[in-house]
Each structure stands twice: as C-alpha cells, then as structure tokens.
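In what comes next, chain A is part of two complexes: it sits with chain B in the first one and with chain C in the second one.
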Partner chain A sequence: MPDIALQRPGLSRERRDALLGLLLIAPTVLVLGAVIVYPLLSAIALSFQSVYTPTLEGHWVGLANYRELLGSGGFWAALLTTAIWTAGTLTLQVLIGVAMALLLHQNIIFRSLARSLVLFPYFLSTVVAVLVWRWLFNDLYGIVNHALMTAGVIDAPVNWLGAMPNAMLSIMVVGAWKFFPFVVIAVLARLQTIPEALYEAARIDGAGPISRFFDVTLPQLRDVLTIVILLRTVWDFKEFDLIYLMTGGGPVNGTRTLPLIVYQQAFGLNQMGMAAAYAVSMMLVMLVFMLAYLQRARKAAA
Partner chain B sequence: MGDLMEPERPPVSSPISRRTALGVLAGTGVAAALSGCGGSDSRTTLRWWSPQAAPDQLKSYKARIAAFEAANPTIRVVFEPTSDEGYPAQFAAAFAAKQLPNIVTHLPSFAAQNYYAEGLLEPVDDVIKAIGATQFLDGTNDIYRTADNQHCALAIGNTAVDMLWYRKDLLQAAGIAAPPKTWDELRRACQAMQKPGLYGAALPYGMNAMTSLIFIGFIHRAGGQIFTPDLGVAIDSQPTYDALEFYRSMREFCPAGASNFSWGESLTAFVSGATATGIYGGRVLANVAAQNPAIADAISCTVYPTMSAAIPAWTFNDFPCLMIPKGAPHLAETKVFAAALYQPEFYIQQLHAAPGHVLPVLKSVPADPRYQANTLIARYPAEIDLMTRTAATGHNLGQETSAHRPNLKANEIIASNAIAELVQRVVLNNEAPKPAVAATAKRLAELMRA
Partner chain C sequence: MKKRSNVLASFVTWPIVLLIAFPLLWMLITSVKPAAELFSTSPTLLPKAITFEHYARVLQDTPFLQYFANSMILATSTTVVVISISVLGAYSLVRFAYPGRETLASLVLFTYLLPSVVLISPLYLMLVSIGLANTLASLVIAYTTFALPYALWLLRSFMAGIPQDLESAAMVDGASRIGAFVDVVLPQALPGIISTALFTFILAWNEYLYALVLVNSDEARPLTTGVMTMLISAFNIEWSLLMAASVLMSVPLIIIFAFFQRHLTSGFGAGGVKG
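Up next is the complex of A and B:
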C-alpha cells in the first residue's frame, strides 16, 4: 500500500522508502521535540537571562549566572553533598537490593507474597513515606529513639535529622528503603535466567556458597547491575522531594543538594534564570552518566 | 453589592458600587442562562487559598462558602490549602503558569507588599469601602498602604505569633512566682523546670521560615534591628551578637529535635507537655483543649521576655491579610466574596475556628456577645486580651517599626533562609558569630539589591 500511495513518476523506490520512513518517524520526532528538546532549549536560554519567576519577565545577562554560580562556594558544596548522598544511598540500595533478591530467589515459604510486599516502599508516595520516617526519627515520640533507649544503647534521644552526620545518614537510609525494590526487581529477573548448570559445575568443583556467589552469580549480574547503577545514579542525583521533606537541606547546608538549590532559586528567591543555570549545570554532570549508560547499552546490544 | 448578592444577610456597610453589583448580577445571570445549555457545572469558579486550614477552620470556610453559594447559585467557591512555609513557591508557580487563585487569605503583610510592588495584586480599596473602612480597628489597614496610596491587601486578622507560653504549675513547682520578663529570668526558669522527660523551651533552630521569623524578634528584643528605617542592612550590630549568644544558651533547654523544628513541631512540643514553655500564637489554646486537656488549666502566656527590662517588648505579628491576585478571572465576583468574608456572623465563625490565634480586626467583634460566647475565649479572657493588645502593636520584617519604610524584599529574605542559616551556623555548628553575622549581612545586602 505505501508503494501505491507514494508512487510518483521520477521517484525511485529507495527515495520513496526514505520519504515514507521520514513520514512515519515524524510524529515521534515532533512529540520528542515538544516534550524534550523544547524544554531543554528553553532551560538553556533561561540560564542566560535574569528572570523574575512570577512574571517570567527578564533580560539577557549572558554568562553572568554561570560566573556567579561557579564562583560561589555554594554550588561546589552542594555538588559535593549531592555526590555524597548519591554514592551513599546508591551503595545501600544495591547491597540491600541484591541481598533481598538473593533471598527471594530461594525456595522460602510465602515467596510470592514476599516478592509482592518488597515492592511496597517503591510504590508508596514519597510524602507519606517521609511523614512516617520523620515520625519514627522524632526525638520526643519516635520509636527509633524509644527502642534504642529501652535497649540501653543510648542514654538520651539522638537528633537524627537535625545534626550532622546523622541527617545525611538518615536520608541515605530512607532513600535506600524507598528505592531498593527497583534493584530487587532487576536483579531477581536476572537471577532467574542464570543457568543452573553453572552452579552444578561450581559445586562439582567444590565451590561453597560464598564462592558460588562471587564466581558465578556476581559475574552473571554484572551487566544488569551496571545498568541499574547507572540509572539509579541519575535518579538519585536529581532526587528532590525526599530530601526536601526530610531535612529541608539542613542542618545548615549539610544535606542541601543541587535540586534543593534549584527549587529555592526558582520559587523562593524568584530567580528563574539562576535556577536554570543550576539545572543546566546539573544536566551536564548527569550527561556524563548518560553517556556511560549509552555506551554500555551499545556494547550490550553488540 | 452585598445586599444584592446575599439577600439573606444585611450588608456590613455601604455596598461596593451599584454599577459593579449590576455587572456581577448581569454576569451571573448570563452564566445562569447558559448553564441550562450544558450538562456540566457551568458555574463561575472562584479559587480561595489560605495556609490557615486546620480542621475547624475548614469547617468554618465550608459554612461560609455554602451560604455564599446558596445566595449566588451561579458561583462556586473552591478552597485550596497552602502552607506558611510553601506559599512563596506555590505563588511563584501559580503566577508563572497563570493559574492564579482568585483570593488569598492569611498570608503576611510583607508578602502582599512584595507582590503588589511587582504588579501582581489588585488594589482592594473598594473591598475595604464595601466593608466600611471605619468598621476596622483604627490603623489596622495602614500596613497595607502602598506607595501609590492604595491598599495592596486588607487585614483579615491579627496574630501575636511569638508569645511566651508557660505552665503555671511547673513555674510554681520550681519556686518561681511570676513569669519571666528578661532573658536571664527566662533562662533561670527553664533551668529550674527542666528535668528528665521535660525540656525548658521549644525554640526553633531549623533551616526554615519559622527560625528566621522568630530570631528576628530576638534581635529586636536585644534592642537591635535587621534593617535601618531607610532599609540599610543593620544586622551586624551588638544586639545581634547578644541575641545569638542568648539563643545559643537556650539550646540546652530545647529538645534534640529542635534543630529541625518548624511551626508544627514547636507547637506540639509545648502542647504535648514535652516542654515547659513554648513560643507561638493563640492556636495553643485550641490544641491544648483538643489534644492535652489535662494541662488546660495550667497554661498561660505573656509577651516574650527582652534582654533587659529597659528594652521594650517586640511582638511578631504577621498581619494575616486578604489579597486578590491580578489577572485572575471574575474580579467582580471575587470582590463580592471577599467582602462577604467579613459579615460578622461568618467572620466570628472563622475566628472561633482558631480562638485567640486569628484575632479580630473589626471594631464591633471583640465586644460582640457572639464572639465572647466561644468556650476558649470565655475561658482565657486575660490571655486573649493580652494577645489582642500585643498583636495590635506588633511588627514584622515587612515593617520592623513604625519608623521603617515597607521592606518589599522581606518575602525573599525569609524564603532565602539567610537568617535561619545564621542561627544554625552559630548555634549548631558552633561557628564564630562575627564572620557568620558578616556573611549574613552581605547576603542580605545582595538580596536587597537583587
């Protein structure tokens, strides 16, 4: 049918196929252009302007926003904080996620129920999760302090969210709790495809459980873990709501990551241009991870 | 207009204008006629935002909305809660997206001045006229007067935000005869009352608006100010250092979690009985009655102590107001609804929803038997009277004293957390006050220039 529809004198078959290809891909290009390219270009354009958020009125300032941003200690401190948060919570997510996936791969009772329940934190609204965790961490009424004091581990309530490094450790734990199910899903799916023959061969060679994990399971998980780590790095790097609601960036600037600064610049200080400069800078950092992901995906496909 | 729109209620005072009223009537009439053509709700929708949205307040708003909608079948009012901490972001996003609420209540006066200066608010002089300018307590609306001699907002209440709440029983048990009047007395009282399971105070040390707003009061109570009357940065002065020293010395009397306290946590700490003193507005009364009635007879409040008896008290009143964003549709209907919020029956109902917290700004209300009939207002007459008098002479960063020019950057200064950060650096990080204050002064100067 396309041949008939596009048949015109003077057009070769290859040319017609090329035109048809363009026609078919056009809607996708248009949609992607509208939802990705246009906002991206707008953000970059905004970053070269001084814009008052409520009215979106502003003027061109060139590289002034970037000069101010890179010259201030705030950006670099927040970048470091973001890196610490990302590395910390990601490590916990991977460790807990792999451990849980290994557990759920065993023949345990209520395995199906456990596999369903483990996804619960991932599906829970962040606002609800944060409210619950803030309550757990509360120094006056929280069960964490109460349990530790009852057990005699501590004498006085610990300030989990208002002192460093407790605040950073607390949000890392909550982040790990919230997002480890993603690791579980991916790793569990891969575990189910590892040929049993590999384990049998390892057993014949006298490998114990630990050796089997490091010599068989882990190498088989390498590809999926690489993708999971790259994706979660990008997502954790730009995590906003969990940190904002847990600590607001405090104490002082101890948990103030780059997304929190973007929010404050845009909507607290009404400086949308500067917020865009921060966001573009974040994007450039994340671009490194994205390129690594693309390279990895290309290699896997090959 | 009020009489045309709501025949069941007498007008508060002279109506807006006959022309406006007829316009609204015609508009709603056309809307009513058109409503027969479609199956969906074709009423004119007014969106109302407020951060004051406790359950009892919501109930009073619903009653007001229901009565208004019954009298104006072509208008629908939708209430949407915002928050004290989050409104600048919500406002900025709403303006940027041109998804404006029609009416906003209970935001501080400096927010109104800030938004009006940026051309984002409608003047509300005709709403004041509709209610009757003389109906308001003298001078109540002065803080909303603008450079072009209009009003950017009108008062919907007063709040004495930083009263010192204390437990009479605990003071007595500690052998203290009278509530503290100076910082030294307060510190001694907290020390005497503190014991395992009970802290002396509930001051905020979090990285948030509450810490900024509360600490500004401490600088004033040390005899200082954030800005000079002509808005030069004045924070780098001895009173600020004195305030920081005192605030740091109070940390040992506050719960460990105070370094993350905002309004809710600070209030709950006192109401639950975890602290012997608290710093808050009149909402304490309702919350104690509902959540911890066992201490209801033991609580009272006074103005927050100053560094020395020679320094006059300074009370933070956020001057909760009503404002109308420019560019929102249905302006005439919005103004009618705005005026309707002040009809005594419903206005008193709103005040009763947070007794002592939102204090009346209409002259007739304090002596109105309907207002006095509230259980909590009847139970705590001395506290309500003190808060009413104190709030009337209160100030905020938008106008630190009567001699100050309105500070149109106050909103951004609070949202920047610059002052909360100063508190955290000195108190939590134990940094030297001099460089921390100097950095804050520099930051404030940048914000004023921005």
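Up next is the complex of A and C:
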C-alpha cells in the first residue's frame, strides 16, 4: 500500500499522538493521585479504624464507627441541621440572585458599577465576610440592632448569634449575601442570550411583564438554574468556614452541620477514625447531588 | 419610552445595590473611626473625624505583614504549580485521544466537588509523616487538592473553544505538535489562562480550613487564620483594628477585581455553570 511508504518507520502518527497526550496528562494524574485519590482511599480506610490524633496510633475496629455514628443522635441531628442550612441559604441565594440579575439586566444608570458592587462579596474571603457581619450583628454596638431599634422594629437588642433560631437565620443571611452573586453571574449571562423576538411575540400576544417573566424568561432559565442549584447545593452542604467562624456550631449544637462535626471529631476530640466515618457518610449523602451535577455537566460539555 | 423605564429601574435597583454593598461600606467606615466614636450608643453613619491609627497599629503592632507575605508566597506558588500542571493536562484532555480520557475527565469533575473535610484527616497524616507539617509547602500541597481540579476544568472548557483548524494549519506548515501548541494554542488560550490563574490565586488567598489544621505558627500562618488569631487573642475585641485588617487583606482582591473583572466573569461562566 502506498501510504506505508509515506509513514516514518516506528510508531504511527496516532500512536505518537496518544503517547504525547499521555505524557502531557502524566503530571496531572500523578498529582491528583497523590493528593486526592490516595487521601480519599485513606479516608475510607481510616473510617474503619480507631485513631487517636495526637499519637496517630490506630487499630482496626471494622464497622464500629459507623454503628456508633448511625446509632447516636448526633449524626442525624447534624444531617437535619445541614439540610435546613442548605435549603434556607440556597433559597435566599436563588431568589435574591434571580431578582438581582433581572434588575441588573435593565439599562440602569452606572450599570457596570452596580454590577461590580453586587458581585464583589463572592470574591471576598469568608474570613472578612464573617468579621464584618459579626460586627454588624454585635449585640451592644452593632448597627443592625441600632437601626432596628431606631426604626422601632425591636425594643431591646437582639442576640443574633447566641440564641436559636436567630443564629441559624443569621448564618443563612450571611451565606446568602456571600454566595448569591454566583447566581447573578450565571443568570445574567443566560439572560443576555435570550432572543428578543421571544419577548416581542409575547407582547403581541398581549402578555404583561409578569406573564412574560413566567412564560418566556423562566423557561429559558430552567437549565442554568438547575445546574446552579445542584452546584450550590453541593457547595453549601459542605460549607465549613462561614458557619465555623460565625457561630462555631453553637449555640449548644444549634448550627453544628456535618462538616463541623468532622472537624470537631478529628481535631477537637482527637478521634480521627470517627471523623473519617462522619466525612464518608456525609460524602455518601452528597453523592446524589454530585452525580446529578456530573451527569448534567458532562451532557452540556458533550 | 425606553429612557423612562431605565430611570425607573435605576430607582428600584440602586437602593438594593447600596444595601448589598453596605456591609463593605461599614467595614471601611469602622476602620477609620476613632475608638471613642465606635462604642457610642448612637453610632453615626459617617465618622465625625477620620483616623488612620488603626491601620498604623495593624501594620506595626501585629504580625499582619508577616501573614501578608505568607499569603502572597502561598497564593503565588499555588497558582504557578497548578497552572503549569493544568495547562498541559487540559490540553491533553481536549486534543488527544487515548484510553481512559473520558473517565479521567469525569474524575476531575468529581474531585472538583469533593468536600475538603473528607481529605483533611488523611492529608494531615500524610503531611505530618513526610515532615512538612507547619510549613507553607504543606499548604501549597493541600491547596492543590481543590485548585487543580478547578483549574483543569476551567482550562478544559476554554481550550475546547479554540478552533482546531488553526493548529492543523500550523502543522501542515511543518510545525510539530509541541510547536503548534506553543505558537498557536497558548496565545489563543491566554485569556483563559489568565482568568484561571486569577481564580486560583483568589481561592488560595481566601482558603481557611487547611490553614487552620496544618499550620500553627506565625512563621507559616497565612492571613485568613492569622487575622482570626488577632480576634481571639485580643482581650477586648477591637473591631476597628479587625476592620482595618479586613480592608488591608482585601486589597489584592480589590486590585484583581478592578482590573480583571471581565476575565473573572468569563471564567466563571466557562467553569462553573456551562460545565
């Protein structure tokens, strides 16, 4: 055959290409293997052991950690707390995010400045966000209590972080403030691609602004909102910094979510095996949302 | 008609925007208020006098500058390591065919969603056993766990958007595959690489949990845990001091945000949402 003569001796073009591809991906595979896959497998192995953190000495205990975890009320209470936190803060994020995206989509005065101001909290460190909000919520000198008392909404200062359900509501609000810009950016990008003709057609049919939103905008946003909600569910569910720094899981265990228990078990109670059992259980719960997102994202990428 | 609705929308939108920005404004105001004004029972919106004494104290009396330097080294190193690995990796995932490629792409996306708390105990054990505990290097390694999958996924979608014809044309003209990569793909991917690098830097700059667990000395402590130490160690919480520290800590982010906002929002769509 004539093409064989054109080929260089040795490897075919496809084979050389595949080899180069493997060479380029090799550093990624090595690093991901060392810092993620190996630790992930170790975490699963750890969950079947009892390990005392300071000495790092451990022995196998089989399923004892899981039996203790599922039998204790702590896991279920924390799972419920995590679900409440996730549902609450996510609802706020989506409502504020969509509303804000619709407003910022309008041709308002100084629009790019408005957008920057709205997006900035997302890029801010959680540490900074928490410090600012703890100062705003301060019971004696905080501006929130002061403003509400001046306006006559409350008579005495409210303990925003040290009592329930205030603490849960407060962290939901801070979570919404910090993370709603994610929804804004995603929805805003999608809004810009909705064809104007769809709105024209709806107008000719006599649809008002509200029915235009429900009949034209919302169906167009469905796909992006599904992905945003899946992603934010995963991220809010595993949120550690914000809750740990706002309330430390308190008052009592009122805002103690699963990630906080994992940290507490590993580095507070020095029970690393138990911590791993909590972490693996938490991951199994999250897996539903992770797989749903994975499937959607792969479909979108294909 | 159009103009009137703009004005109306502005009147609705701007008060909400200002309400959202208020916490940040309050942070700035608190940081320049004299201590006496701060603890008054009727706080004023605008300070009667402006002082920079809190900033001076943060810089002179606290290890802030040490933390700042640590964070700068940490975020820069993480970015350099992660970008070098992920540019090659993403290119390979997008342009080459070999067995296991799709599985690997799914694995990258899966690790992108993995919670840090799952990896924290084994990583802690691993870093202690190789003698890296309490160093900035340990944090660079730990930050790779979330930054690498993120950067790979982001770059992958950027590179998928580069037309393959350009590369093929360069190779027809006699360029090698690597030559085409350096001369054609890299320049085309540059905006995506910048965007990914900025995101990686911000992620590393803001990280808290790994820093809390892996480092407990001021020599290696970054700003996030360092500034929180200032809160805990103070007998009376000095809010103006903490607000000044918060402002200073956010300066690099403000700079990035001011100059590269376009890069940030484009990267955002590419990686997070479009998949």
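FYI, the second predicted complex is superposed on the first by the 261 of 302 C-alpha atoms of A that agree within 3 Å, B and C clash if a C-alpha of one lies under 4 Å from a C-alpha of the other, contacts with A are read in each partner's own complex, and residues count from 1 in each chain.
Just so we're on the same page, contacts are C-beta pairs under 8 Å (C-beta built on N, C-alpha and C of every residue); 3 or more make two chains touch, one makes a residue touch a chain.
From a predicted model like this one, the values you see are computed outputs, not experimental measurements.
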Contacts of A:Asp215 with chain B and chain C, given as first, second, both or neither: neither
Contacts of A:Ser42 with chain B and chain C, given as first, second, both or neither: second
Which of chain B and chain C A:Phe267 touches, first, second, both or neither: both
Chain B versus chain C as contact partner of A:Asn159, first or second or both or neither: first
Chain B versus chain C, judged by how many residues of chain A each one touches: C
Chain B versus chain C as contact partner of A:Leu117, first or second or both or neither: second
First, second, both or neither for A:Asn138, with chain B first and chain C second: both
Contacts of A:Pro251 with chain B and chain C, given as first, second, both or neither: first
Chain B versus chain C as contact partner of A:Tyr52, first or second or both or neither: first
Contact residues common to both interfaces of chain A (with chain B and with chain C): 56, 138, 140-141, 263, 266-267, 272
Residues of chain C touching chain A in the complex: 2, 5-7, 9-10, 12-14, 16-18, 20-21, 23-24, 26-27, 30, 38-39, 42-43, 84-86, 88-89, 91-93, 95-98, 101, 104-111, 113-126, 128, 141-142, 144-145, 148-149, 152, 157, 160, 177-178, 202, 205-206, 208-209, 213, 223-224, 227-228, 231, 239, 242-243, 246, 249-250, 253, 256-257, 261, 264-265, 268-269, 272-275
Parts of chain B lying in touch with chain A, wherever the complex brings them together: 88-93, 95-96, 115, 118-120, 205-208, 255-260, 269, 272, 274, 412, 415-417, 421, 424-425, 428-429, 447, 450
For the chain A and chain C complex, residues of the former touching the latter: 14, 17-18, 20-22, 24-25, 27-29, 31-32, 35-36, 38-40, 42-43, 46, 56, 100, 103-104, 106-109, 114, 116-121, 123-129, 131-133, 135-136, 138, 140-141, 143, 146, 177, 182, 185-186, 189, 224, 227-228, 231, 234, 237-238, 240-241, 245, 259, 262-263, 266-267, 272, 275-276, 279-280, 282-283, 286, 290, 293-294, 296-301
Residue ranges of chain A in contact with chain B within the complex: 52-56, 138-141, 156-163, 247-253, 263-264, 266-272
